[in-house]
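All remarks here apply to the structure that follows.
Order as written gives the chain letters A, B, C and D; numbering starts at 1 within each chain.
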């Protein structure tokens, strides 16, 4: 299988090759199955997905103003390239909290991928492993974390935790993630309750109520211990049990002590947007934060993730690893996030569209497109490696630098 | 009837429950009758209402630029959430000028609701009472204030006064409102003349000329005293009489002395946008102001209500209660208004769309949607109660905080 | 004829009455023939006019960016109303350079109105006279200035001069204007050549080449003196002669001496946008300037007229009368222009749409609509007369005044 | 042939005459074949071109945000005209690095024009020569540089170099350009790799892979020396050979020494956006820079070319000639670029649309339209020659100059 061949231990030297592959395929009158531009990709998903899963993936909180703000924030920054630097040999790789990244990009945790494709996280894991891109597996995945780990082989993987109310379940999930070779724990702060999402509400669509996305729970001894009957025998009770423990709004900074004890690898807090929260995380011995507004899915009217980034980096950039997600669509977006201090970004919806539209091949297409554009844009901006990307690469769209005086 | 059950004396502990109800209804393949997003709600109203009443409700003054400005003002502010605070127990209640509010939200006075639904203000009063949300009844309501009060029972209500030219009518309306248990008087400043509203002009549609919205006048002895024949006998004269006294452009600050004498409860002035007007109101012994541009219905090109808020709060926030309306559509909007100093907001058009689309049920759906989103968004922002919401919750969309220097 | 009755010597006390007339007409199931909102009016004109004249009236220079900028400039300013002032008696009248204005509004010079309606400037003059609004007649009118003057009777009128290359023609036109009772001379600076107007170019449409708009020339002895045959006998030569003298790009500030000698009444220069040009005009004994970019019809990418206004007022406001046109569509726009220092505004395209859609009645409808909205908006803003409108009435859309600090 | 007649040694005295020609053609009921507005021109090209070449010409990198930013940057600057200057005699001519320009406009290098019209660069060269506008011929032209030179006659021409990896090919191309009378060398910095262009990727369309645009290579002895068989015998190998040498990401500033030795005429670097790169170019003895982002075709999210201009002019304007391209569409754009310090601009896509829509006539129409608008707009702005256009001609759209204070 071609994908297995690609999953070589050494990262591809030039992700940009994908561009050439596409152009060369044109000589055989073959155009790519899926678009190479994220807007068109979403358009195609809207056309082909059933309304409920499309709404679940594409939708955001409230009037979806936060999702729009995420994109507008990227638009306000502009890349100023430098030329005549030898950029023939690029090395996009980096190491984040001990995990090798072939490029400063990981797959954001996205739950319940089974709603768009039956192979769900397994297909995603295969595509990610082929590129050795770290995948952050959601707690509410459609397949068990052990199954996903097995498919991923030795490709790096992190585990995203929706920190449940029940300590035993939390401890069990963490232990299983550890056992299955997940290298870091990404604890989502911003989803202890589900937000007001009008698209899902219009469809009265919450996949979990149909037992979708509960694979990790229904396979968990600690979770099952709370049930009188097995989920198959009494599905309603299983779902209610899950609902009762999924999120925990009572959690406070003090609870991080317990968490820190459960996991000796790196822990990242996902959802931090305020510099003071970042400082508290650093004080609590947390290793990193993901500056994120959950893709605009939690609070309408929230600060754009990219707008929140500089203050967080200023506050804790010297003590913690700062990543970013929410609104990242293109290679240029990655450059902007890195220039503002992120060490890497997480990409979400685009690969889920790829999954729904083309399974593993679709995911691979989306990831390779992003990496190709990143590779090419870095080269064109005069940057050979992530470390070359600093704030001097950017200027504000409305900052003139030199303004002629006018009488 | 389920609604009666809900009208419990204690406010619901978690408005967010409404979200769960909707999702759970999906298990029975039941989707909500009405949209959960204010834009879609207006779209549906446009589709289902007759053009004249839709134009009357949705329309604004002139080119409707003020209505657009109201929304743009909210967009410029972004919420910065805080995490790992125990927000499991939220209490959205507050007390405004002696009136208990289960959440910092009231129903704005909207006149002549009979044009969209025959039950009009009665249906609204029932829905509001079910949630114990204060309703501000318009002077130009389709039902008599006494009828609305009876329906509302012991749920809190305020009375909005279009201060008529005729002192006897003014005094009579105020006395009746007092007798009917309205707890506060909201005096609208900005509608002593009707504005230039192209949608209504295109339809030559002014409901009052057809005796709609005159219930309080036609039942008022002081008003009737000015008529030779009863309104039913000579409707034309009744309407002309009403037109001649409805508004009074001669009123000045000195007239507040008389008003203050008529009403010993709290008085709020609605429509204040300039800090100096707020100061004069405070000096005149007024208890509160509603920063409002009448939903953009009076002056085209007017300052956005939210943009006017901070200066008013700065001027009189320590002496008066400052509320806000105009442009509020979502729970996040409520958070932003509170963060900028409002103690509560008034919501208008959305519940009228709910009324026209679904009667009492429709109003309830809209109110519960707003409260659910507010409850969830406050929790997600790290706020347990209105008092937790201060200016530090917000940042301007274009304020970077930390800007990397660029050579 | 109803219109004659309206042309009373005293200005109507309350232009807002027009609103009431429209609403009352609804009782007889009569809606207005034309829209009451300028955008809808233009939409209807686009639908009903032939493409060439619509393009000529609606079109602007190049990509029409200046026309968009004109509107955007108004949007950036917001009106802050004041309340509880007695505004029952408004007096919108003012006197501009000796001419009584019933409201701070005049009809901008618009050429060749015959392309949209056969009665052209005669219909406009009748409508203007009915309201006693000053009409500024264009040099390139479809009817002779004497004919228009006769129709206008004793209602005030000004004459706009396209200053021709031929001194004899210039002197003759000026003398005729004087004789016909035009009270002021408005000399357009910005149209010595015609701009690049893609809509007209697409139709290869220049009405003057078909002898439209040349009435004042073809009736002028000095113009005819330059022709071997009469225009009817040799129309081509007449047009070429007109083309050769219509504009004069050689004119300089020194030429104003000659102009000043020809006309002992007030002279205004129309098209001034730079404060230094305004200063030179004042130094040359000119009485007023019209800050104008010719409705965006001359230079694409030009400064918005309203954006240019404050600097001109700052430069010469104490020495000259400053008027404004370009982009004025609503009564609120008038208030904004006055607040920024204009003494009056000129309105253009809207009344031409009214003319083409409804002849004299259409013009009257448009003017009365504008005046009604101005009257109502001034009342609602707390202003009784133009002199009450100062800079304190405005705030910038993005100026918060009081900004809460955010950590 | 009319065009030959037009190619007179003296620049046309008034480009604006083209406007008159179009209007006069209307007397014979002839409207122009092509639009006079750049947006309409692109619309027509979209309609008439095949999707692949239209996508290639119109498309930009990634989400095409840089192309949008280019236009937005022009919109933020507004022209402030001055009047009553004698502008009857304009002279738009200038001299750039020894080359006479009849106007501060050149034809940007655009490759492989054969995809839109069979006469390609030959038609463009004829149209340019007719106006004596300098044409910058692309390395990847559809016709050999010698053929294009022959058609252009003594009209000025520059050669754009995609600096190949193979020194012999580079030297040969440069020598041929010199021999064929190209007066300056424009070295493109920003295209050593091709960018991520979704429109082309969607079509898997890269014309060069079909040997289109390789005329200069396939006619080059140094290029052919690297092939075992002629391109006609083995086209695949020829294309691969071209691919391997087309761009060279290893080039650094040191390589400019070699380049400087190859060419004793003026050298410009195209693609400079950062002032430090401009300084290094000046230090390396380069004569000029073209501030350019390749029409937005290389890096998505890049700084707008016009936004980058002032800092480059500030850095090297006294030592080098600074030109600009990317986003220039109108005569007003040219004025803005000159006002911000560019000595001339390069125009790209519009003339290619003209070529595809009307061959040589189409190119001429587009160029004459631009020049006519430039000529007219300069006259209307009070500028007689390029040297009259300085920063005082501009103001920022949101800069008020004089702001009234508001309490």
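FYI, a contact is a pair of C-beta atoms (placed from the backbone, for glycine too) under 8 Å apart; a residue touches a chain by one contact, two chains touch by 3 or more.
This one's a predicted model, so the numbers in the text were calculated from it and none came from an experiment.
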Revision key, fill the gap. The assertion on chain B/chain C checks that the Cα superposition rotation, as a multiple of 5 degrees, is 90
Practice item. Mind checking chain A against chain B and telling me if their interface is mostly the same residue numbers on each side, over half, or mostly different? Key: different
Practice item. Measure off the straight-line distance from the CA centroid of chain A to the CA centroid of chain D, and report it in whole Å. Key: 41
Revision key, fill the gap. Check: chain A positions touching at least 2 other chains come out as 80, 276, 395, 407
Review point. Hey, which residues of chain B end up touching chain C in the complex?
Key: 61-63, 65, 69, 72, 76, 80, 189-190, 192-196, 198, 200-206, 209-210, 248-253, 255-256, 269, 271-274, 276-277, 280, 298-304, 307-308, 310-311, 313-314, 339-341, 390-392, 394-396, 399, 401
Practice item. Please give the residue numbers of chain B that touch chain A in the complex, ascending. Key: 16, 19, 22-27, 30-32, 35-40, 74-75, 77-88, 329-333, 335-336, 369, 372-373, 376-377, 379-381, 395, 397-398, 400-407
